[in-house]
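In the two complexes below, chain A is the common chain; its partner is chain B in one and chain C in the other.
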Partner chain A sequence: MMEIAGEQIRSAAPAMGEDNGVSPAERRDRQERRTALMLISPGVLWMTLFMVLPMIMVVYVSFWTQTTFTVEPKLTTDSWVRFLTSSTYLASTWTTVRIWGIVLLSTLLIGYPVALFIGLMVRNQTLQTALLVICVIPFWTSFLIRVIAWRPMLGTEGAINMILMKLGIIDTPLTSLLFSEFAVLIGMTQIYCVFMVGPITFMLSRIEPSIIEAARDLGAGFGRIFFKIILPLSLPGVIVGAIFVSVMVLGEFATAASLSGRKVNLLGNIIVSQVGSLKWAFASVAGVILTVIIAVVITALLRVVNLRKEM
Partner chain B sequence: MLSLSSVTKRYGDVTALDRLSVNVPDDSYVSLLGASGSGKTTLLRVIAGFEEPDGGKVIYDGHRLDGVAPHRRGIGFVFQNFALFPHLSVADNVAFGLRYREEEPVTDPSELKARVADAIRLVGLEGLEARKVTAISGGQRQRVALARTLVTEPRFVLLDEPLGALDANLRERMCDELRAIRERLKVTFLHVTGSETEALLMGDVVAVLSAGSIAQVGPASSLFALPKSADVARHLNAYNVLSGRVVKGGFEGAGARFALPGKQAASDGAPIEVALRFDRISVRPAGATAADPAGEAAIRARFIASEFTGASVLSFFRLEDGTLIQVVAHLSGPAPQAFTKDELYELSFNPQDVIPFIERAA
Partner chain C sequence: MEARALKPVLGVYCAAFILFLYGPMIILAILSFQGPGGGPQFPIIEWSTYWYQHLLGMTPPGRISRLPIGDSLLRSLTLALMTTVVSTVLGVITAQGFRARFKASGIVFYLVILGMIVPGVLVGLGMALLTNMLGIDRSWWGTAFVLHVVYTFPFAFLVMLAIFNRFDRSVEEASLSLGVSPVQTFRRVTFPMIFPGVLSAMLFSFTLSYDEFSRTLFTSGRDLTLPLTIYGTFSVEIYPNIFAFGVLTTLFSFTLLLIYALLMLRAVRSAQSFKGQEEAE
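Here is the complex of A and B:
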């Protein structure tokens, strides 16, 4: 019986396909590999042409020789030496990192309670979505308008000063509100907060209400439940939000340019002004340094949580 | 002893608990039987403190429980979906209550370790302490949930359909273990279930919850033998309920007429419901006027279908007025008859086996 069945299968196989000796499992593996390759190739092509090659180019250009109006492909470390020995540029690197840190913290401190409310307190999904949309409403206007709108708010004769004067809290208008680092921090926090709220809300809304009830039933108070259950379970959201905010804040220049009155110079501002005066080699140095900082920050954040396991 | 008196809970227009009163004695296994939507889960949530009642009192050993925050009630809750902490290991899940509770947390690491180990041994999970709870089977999760609650030594444990998520084999084993664990710890288990077999098997005392209040409480065997109302009889899934009227001290309706056991105080014409156990009915072809044993009553019904369940056959018949009648034939007896679909049969039974419910219908 077995013999006969084996015979039949062997005689049927060549008739079905030309590739002799290939098992169906192997054939399917090959098919799947072909499909995977087809799916991934547009992305790989795009990234190679518009990211990997330009980045190699930027590193290369940072070693070119810069004269007042031209840049020549003659290799030198002049631009690097100038950047690394100048207190102005090192200071602006430090400012970039400091502002990134403060904005990251403030978006987290403001964003987390909002996410806690939307993701955990509101259990109606329609209402959850509606509230998230409300958070995004400022994005219906352009980025620049959102930034510039802070001027009439924070200015010497702006809304905040007017209200404080009317209430009699201050006699003379506060001049440090606008065109200061404070203004840049306020502006950035407002713009990037929503990128923190979104991912955290998503993670919080996935927490089963019964898990929190179980923790209460076991005798834990609110603080314990928050730090031992809610926070760890929402940590992947915090990390994703932090990556969004970090990437955007570290590369920022517009908010600083329009709200700081040139008092705050971020690496982004340096790149813009150097490119403006055709100092390509020097702009490239700043660009490479900025890219390295962003890479370090993202790597560090990803170390905190294994996102692949959580998603 | 836990006692609830006149507890009412409403959600908008829906009354989930309607002036519910019940006493749950200490050191006992009480099962609470109710259909879905009968308010079972609401009742447990009110006792645990996740919901506050709109009216009535929850009293435990003389102290009011309603109004007390859930984490200060000292009542254990085992959730239907287990509600384990997904980011913690088995041992950390079990240790959670002892380690982080607000009142008298266990701070001594060696004591904590010993008590967690005890609880894990109690439910038979040795060797899995370091596993993530996402990496163990459903039955093992159920045990973690149980150990996590029991380790905090509550005197009163609420189990919300604890076996619902397990497959049949595992369910039977867990039933035995739950009873054994409870007897060892001398605590009270209030086990909520929608399955009448589970309720009767588990409970020293069975309470039937119907439409937001307790319809009957009693030992499993007496509750099964003598349901107090048609509603309870329906919940037990072992009784056919017929409705009709009282005529000359007997029952008339659904195409049948028979004398009722005992003396009926109801006047003629009063509506009445009667319950008749599935396994107290015998079937014979209609028209075959076999000698009627003295006092037997009979109803004519059409055969619909049979279900073979292993040890018995469950047959469905429909009366002329549309009422569905179920008949159980145990296969240990003589070989069961084969019925023909849509044929008329005569269902006969001893009227002494019928349980009348007049007071309810009146």
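Here is the complex of A and C:
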């Protein structure tokens, strides 16, 4: 930051001498650009030092030599070979992708009708805002508490089993609700669903009601209106929601750690456990693979819709 | 009409969705009033505030160890406060910088936004590796703090960018052309106008940092923050004291939200009275 500021002072000096050749508007533009650079440099510096550099470090260390308790900066592809030939780690990569896919689909399927109701059916602005606020309020509860709240719901003696038994639907409590992949899926769906509902609602509420009315007057049924008008117009919202959900689910480890009883091991869990046993190089390999997956997913999602054009 | 039949159906569905969102927390709140001998599930053997007392250290020491929340709460609050100040300042000045057009704005924008996209476990790992190599000790007020800012700064930046986008430049230019210095103009003209945005940026930064743990996990060193203390209970058996804690921390967040709402209301009101004055003149 200091350096850039210094450069500005230096470049400011000749600029003053050239006053006659430069129009006042141009000079003001230049001045403005200089101030802008000065203003953004602390933020840029912060992100470079504390985000970009650590990420580069992850890639770099993934090629270091791992000994029992430490890593040495001797370059090797050992950790990579070990990761890519181990069925356990490949399985956890596959689990991560599978869980991501299922949660993405379930948040979309569960969230879309909610967005349809709030964004399109409720035309009263106050009620619309109130409903959205109701959906967002749970986020003011600690994330970890929200995860742990599923334990008394899903346990063998939990609320769901209790209700099902009282209703006479089952005789013996279901034991596979908690500490299973199902628990992880339902927990993640509940926690991340709102990130899907929000953007879709936003896009739906911008649809001109007259367009739908016109389609209806011309004799289109609801199905046709939905697939020809509503769905395409809400697609940018779906993509933004999908990006939110994807990024959060792919980087997850806490929900799996709390609700799966170690049955579900995501890449995030691998990283945590490898760091716990000081296998830094190995954790880095998992980190790089996770980064690549996230980058591919986001790029693919952005391919579907040109967000800049739509927003 | 199909659509007309659809509306009540979707209404009921929406109500069910809200129940799905709130259900676990409601159950958790009910179970936090479990009696002393009861477990973290139904039935409630006896209604009591025993676990709240247990949490606050007002019960005689027993078989179940207390959650060590005292120090970690203090740490988390300090950390959230530090993060709030720094990320709000960074957010304001960076967004202010974005009001002028410059060549690298696209790259800088994505660089900042990346901070909220990159999973916490990855930057946390990277930071841990970096400090390992450089031989720096990790601490919640150092390594964890800078990562919290990396996470919350983009939110503050986006909020401020939205505010500046709807901002009437002519008022500022009037002040500047009347000979008021840029610093004074910012303090007396710009800042009051962007204050609601600053307040929102602060709220975002504080709550995100207060609840953040994946970035803290590898970088906080020996001293734990509040979310890390809770995370520690994941691997052991849980007791209703963590439910009681969940209720209390939720109430705390709601208090923050209330303060925010009140401040916001005041800011909006004073802006309105300012407008009224203008019209009266």
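As a convention for this text, the second predicted complex is superposed on the first by the 275 of 311 C-alpha atoms of A that agree within 3 Å, B and C clash if a C-alpha of one lies under 4 Å from a C-alpha of the other, contacts with A are read in each partner's own complex, and residues count from 1 in each chain.
In this section, contacts are C-beta pairs under 8 Å (C-beta built on N, C-alpha and C of every residue); 3 or more make two chains touch, one makes a residue touch a chain.
The shown structure was predicted, so the numbers you read here are calculated from the model rather than taken from an experiment.
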Partner chain(s) touched by A:Gly43 [first = chain B, second = chain C, both, neither]: second
Touching partner for A:Pro152 - first (chain B), second (chain C), both, neither: second
Partner chain(s) touched by A:Val296 [first = chain B, second = chain C, both, neither]: neither
Touched partner set for A:Gly287, first chain B, second chain C, both or neither: second
Which of chain B and chain C A:Gly221 touches, first, second, both or neither: both
Partner chain in contact with A:Val304 - chain B first, chain C second, else both or neither: neither
Partner chain(s) touched by A:Leu116 [first = chain B, second = chain C, both, neither]: second
Partner chain in contact with A:Val81 - chain B first, chain C second, else both or neither: neither
Greater residue coverage of chain A in the superposed arrangement, chain B or chain C: C
On chain A, positions contacted by chain B and by chain C: 216, 221
Chain A contact footprint on chain B (complex, rising order): 48, 50, 69-72, 74-77, 79, 81, 83-87, 96-97, 100-103, 148-149, 152
In the complex, chain A residues that touch chain B: 208, 210-211, 213-221, 224, 228-229, 232-233
Complex contact set, residues of chain A against chain C: 32-33, 35-40, 42-44, 46-58, 61, 73, 110, 113-114, 116-118, 121, 131, 134-135, 138, 140-146, 148-153, 155, 157-159, 162, 190, 193-194, 216, 221-223, 225, 247, 250-251, 253-254, 257-258, 268, 271-272, 275, 280, 283-284, 287, 290-291, 294, 298
Chain C residues within the chain A interface of the complex: 2-3, 6-7, 10-11, 13-14, 17-18, 20-25, 27-28, 31, 39-42, 90-91, 93-94, 96-102, 108, 111-112, 114-115, 117-123, 125-130, 132-133, 146-147, 149-150, 153, 157, 207, 211, 213-214, 217-218, 227, 230-231, 233-235, 238, 242-243, 245-246, 249-250, 253-254, 256-257
